[in-house]
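Shared between the two complexes below is subunit A, which pairs with subunit B and subunit C, respectively.
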Partner chain A sequence: MRSYGTGRVKRGRNGRLQWRRQGFFPYALLLPAVVVVGLFIIYPICQAVLMSFYDISMGSAGRPRFIGLLNYRDMVTSAEFWRAIRVTLVYVAGSVSGAYLLGLGTALLISMPLFGRKLIRLCLILPWALPQVVVAMIWMLMYDYQYGVVNYLLRVMHVLDTSINWLGDPSSTIPMLAVLVPSIWNQYPVATLMLLAGLLMIPQEAYEAAAIDGANAVQRFRFVTWPGLRPVTNVLVLLFTVWAFKRFDLIYLMTQGGPLQATETLILQTYLQAFQFWNMGYAAALGTLSLVVSLAFSTGYLLKIRRRGEGVLE
Partner chain B sequence: MRYERGIRQVLLQTLALGVTGILGFPLYWMITTSFQAKAMTYVYPPELVAASPQFTNYIGAFAGKPVGTWLMNSGMVAVTTTVAAILVSVFAAYSLSRFRFRGRTALAVFILSSQMFPATLFIIPYYSVMQKLGLVDTLYGLGMTYTSFSVPLCVWMMKGFFDSIPKEIEEAAEIDGCSKVETLFRIVLPLSLAGIVATALFAFITAWQEFMFARTLMTSMDKWTAAVGVASLRGEYETYWNDIMAAAVVFALPVVIVFVFVERYLVSGMTAGAVKG
Partner chain C sequence: MRTRRTSRTVPRWIIVGFVLVVAAATGPAAGSRLVEAGTRTVSVGTYQWTQPGIKDWFEAVAAAFQKEYPDITVKPEVVPVNEYWDKMIVQVRAGSTPDVMQVNGITHQLIADGALAPLDNWLKTTDIPKRWHPLQNVLVRGGNTYALIYSMSNWSMLFYNKDVLKAAGLQPPKTIDELYDNAVKLTKGGVFGFSMSTQQNPDDQMAVALSQMVYLHGGWWAKNGVPTVNSPEVIKGVSFYKRLFDAKVSPIGMDQQQRRQMFREGKIAMSLDGPWVIRQIIDDPAWKERLGVAVPPSAVPEKDRVFMAQFSALAIPKAAKNKEDAWKFIEFASRHPWQVKMLELTLQSPGEKGVTSAKVESEFPWMRTSWDVDRYATRLRYPEGLEEHFPAFRRTLAKYATQVLLQNRDVSQAMDEAQKEIQDSLVKAKR
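Take a look at the complex of A and B:
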């Protein structure tokens, strides 16, 4: 056997599993990745968390003052913060469910026998290939109040009587809707691809058995398709939620969090506090909170699906 | 493929066509606008099909601003990032997939959890770290940044691909006298080539279109990446949508082209990487 050993499991004489002696080899393989991640990601994160305990703002005039938890106190007592929480919840819920449902619908559609299926699949997947910057530009153009095609088509179809200022309307629902649509449009193909693959992995026999038992199309979906898609759904919901929570480019370019902070998610607020108001310490506190929320959600979600017996990270 | 009978198939096709038309409309709009005559941009009702298509917008987009430079910057950074990220991740993924060792779970969590961190958190200290290293406004700095961001996801994806290769093949190779390293290069890598391609595409797309860090770290206009450049075209007072769309098409084109070619690998890639067997 090789001198550096291999990670092999074998049964010892007492029947229990034992690890064979490993060498440094697996650690050596991991080293570059760990160094890169540690240096460029973990280290700045730790620094940022530290920063959240300092007052680093216009007021502190270049000299960070240690203020302990004051940033956090300011945070939980600020109305803008709680509004950002609400906005984030709405955005994430809307974006995830919208992208998932649209992905499911298109995946089911593509799984049907269609003439020109490959081409249709390609066209449906394409929105994902566009950079967020481009998506933002296209939709800003389409949403234009006077000359935009969205207003035009909706009026021609008599859905609207007058044009809507999609990105600037003072009600908070319209801009939120306006921001959700491109978000969903950009993301849904990921769901389409993964659900399509998931659909293909459901064995035909399950459908046949259901048909023999007299199930109609709706029942077949409910009792065969839907449970069969559960592992993929778990991964997708987790992935989409993390991505939606993190999303910056699209919202920032379209509304900068406006109008009147109607689309200012937690991430947007963190950025604006840091680079518009130069409240670095406070922004770091917001960012640390985002981090905690992100980790808590992911861990909770992973634990929940592990308990149910469907793994993601094995 | 067995088609449905008669009318059902027609209905299905119509539905598919309708859905594709609606979902593909923004893409169509981008392309149409990029070819549209400038005089027709600010017109109501908007012309749905460009009556006199012209290429001048494309020329105009390149003439006014250094769009070509921007694109080259994006290209260099994206390619470097992809190569570096894949190199680093392959070994890490192989280690996580094929070995069992103490601290394996902890290291896996370490690497993968960084994927979830919101970028706005660490952009704040990041700028000052990069400044101290003298890497602000350099494409090297940006490349290193992107590589570090890509590594976690690349490791995750490639681990999934490696997991799906049956261990028996490697055991057979080992019996034949291959070392672990040889097994990696001669057997595992060729077998998982599709997955590696998918992962590389992911890394490339992410680096190509990244906006926030590029905007923060690159200060001089000729060092901008295309993402920052295209976003900047929307001026305060005048917005030449035709030029913007032309630049957007060119910016999006490389990704779309690669995408089209690799699409079928993506389908298999996404399942292998994400769903357990």
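Take a look at the complex of A and C:
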């Protein structure tokens, strides 16, 4: 059997040549991928990081001016930046927990032997199939102040006396809630699918043993289901967090970060700085920070999971 | 073995044949045809070339231009509007711009960045400066003109639904107070009296609506590069906006397109908008009788009256390779017959002042009012002298206006803060 490892194992009489052949061949195979990744991912990232040290105006017929860490100083001293950080944290926490909990609930529901289970599964997965543009449009219509079904239902049920301007209310809570709901609605089917797969992996014997030990439904969930779902949960939380952190289209389409920056996440602020205010250097600094935060979170989270021995993909 | 060889050689022949066909069709032969003809090319970067009306104008101008200059080929570089500026900016940065560039919204950023060539040396050999609308002045910086308007329009005609006003026993408003009173009286039975932006985002729509109101009250966002956001006139304009908002005369949370649709459906009675609405609305025969237009009321004497305008212009980027031919194209498009054609094909006024058309007026009688409004349409929604800072300016304005509308902040106080924030951001920008 031919090995494509480091080549050290398979040294023969003409071992040096063989090592070279075996040693370089795998790398040669990897080269195209490395070139593509280097060109289209690593190089733009390096460029963006580099840009963050420059003052770059829009057309830049005037040359970009090196300003060192000034963009970063402006960033950390800007109230708008810290507001965006707060908004991002709230959005990520709300979106991840909401999508996970809803996904868990629906996964538990459809793992039961219900009539029409396949149809229910299909219906539950539908929101995920919709592009975010469509999701945004649907919910904007539903939220409409004058004619929206959300206000109508809340008025009919006597929850509200007058309509709420869901996407334009000056309180920061209502617009945030209004963008969180479609985000969760769009994402929870992923959780449902993955958690359903996780549920089906839990051996039936574990439930039977727990039942014999006298465990009630809550205890069975706590001591059998929940530990059984932990590896899937780890993956989901990681994925949902990264997705929520970089979600742009849905929020931009619905509120453009408003009103009064109530839904302006870090990614939105980066976009607005780059393509509305043409502060490319400052936007690059924001983008670099987003990248660092995202990487730090992912790495920290994976290390923590590894230490707990709950390997995500093991 | 034999079979395998055949199966490997056949695709190779196909590939070779395909490459030869492609090379023959697109390669040196095609290029040499251009060279042999001795053709020079003027490329025109635009997003309007494919838009109804404007498309016909551009195509007619290009065809006539090529007839007059047979050695020059006009090559449109059409980019969808949403991608247009991203692409142009990349091209400016790369130094590979088209020879002629359609400009509007961010012209002043391009001027400030030194990306556009001044047109003055060419302009002084023509009578264009004398013939052009005063709005052309917004494209002069440091005594130099950087683009030439080919299409302009007021953005402040008062459109109204005659049926709704008649049913309420009202006439089109002649004063600012009448505008308010009418808006309030007309708001009933599922109909809103007036159309205006009621939320911060999209902030440009709020900037448009605010500018309309502020200009009607004689206010300016800035004068000669100095922000005047807390001037008494601006405060009056914003206060009027707040009065209308509090009276709930406009639907909440609707963007401009939605509000235009509501106007068309008879659910909004009055609206300040541009003449393009006429073409959008008049497809419906019922509107021929129903559509009323008027010069909007203003709180200032006629001599000081200013309405909001917008424009499209043609510029020559500094990086353009063929500037002389680019100017020939711009000059050609600026000739009187093409200016009239612009009006006839698009219902928008051209850059040349006072252009009217009996043909247009007979078909679209509402245009007479548009031309009346155009006379005063001399200001953009951008702060004068600070146009390149408009995006950040607009964001600040929309933020404080939202605080006034939704959080009932005192107008003077909010505008004072807006003024300070804008001044601080200008200091930062000049750093």
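Keep in mind that, in the parts below, the second predicted complex is superposed on the first by the 281 of 314 C-alpha atoms of A that agree within 3 Å, B and C clash if a C-alpha of one lies under 4 Å from a C-alpha of the other, contacts with A are read in each partner's own complex, and residues count from 1 in each chain.
Rule of thumb we're sticking to: a contact is a pair of C-beta atoms (placed from the backbone, for glycine too) under 8 Å apart; a residue touches a chain by one contact, two chains touch by 3 or more.
All of these numbers come straight from a predicted model, not from anything done at the bench.
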First (subunit B), second (subunit C), both or neither touched by A:Tyr207: neither
Which of subunit B and subunit C A:Val133 touches, first, second, both or neither: first
First (subunit B), second (subunit C), both or neither touched by A:Leu196: first
Touching partner for A:Leu167 - first (subunit B), second (subunit C), both, neither: second
Comparison of subunit B and subunit C by subunit A residues contacted: B
Subunit B versus subunit C as contact partner of A:Gln146, first or second or both or neither: both
Partner chain in contact with A:Pro259 - subunit B first, subunit C second, else both or neither: second
Partner chain(s) touched by A:Gln276 [first = subunit B, second = subunit C, both, neither]: second
Which superposed partner A:Asp249 touches (first subunit B, second subunit C, both, neither): first
Touching both subunit C and subunit B, counted on subunit A across the two superposed complexes: 146, 275
Subunit C-touching residues of subunit A, taken from the complex the two chains share: 57-62, 74, 144-146, 163, 165, 167-170, 255-261, 272, 275-278
Touch list for subunit B against partner subunit A, complex: 1-4, 9, 12-13, 15-16, 19-20, 23-24, 26-27, 29-30, 33, 41-46, 48, 87-89, 91-92, 94-96, 98-101, 104, 107-108, 110-126, 129, 144-145, 147-149, 151-152, 155, 163, 174, 179-180, 205, 208-209, 211-212, 216, 227, 230-231, 234, 241, 244-245, 248, 251-252, 255-256, 259-260, 263, 266-268, 270-271, 274-276
Contacting residues of subunit C [partner subunit A, same complex]: 86, 89, 92-93, 106, 109-110, 112-115, 198-203, 251-254, 318-319, 391-392, 395, 398-399, 402-403, 406-407, 428
Partner subunit B, residues of subunit A touching it in the complex: 2, 4, 6-7, 9, 19, 22, 25-27, 29-30, 32-34, 36-45, 47-48, 51, 105-106, 109, 112-115, 117, 120-142, 146-149, 152, 156, 185, 190, 193-194, 196-198, 201, 231-232, 235, 239, 242, 245-246, 248-249, 252-253, 267, 270-271, 274-275, 280, 283-284, 287-288, 290-291, 294-295, 298, 310-314
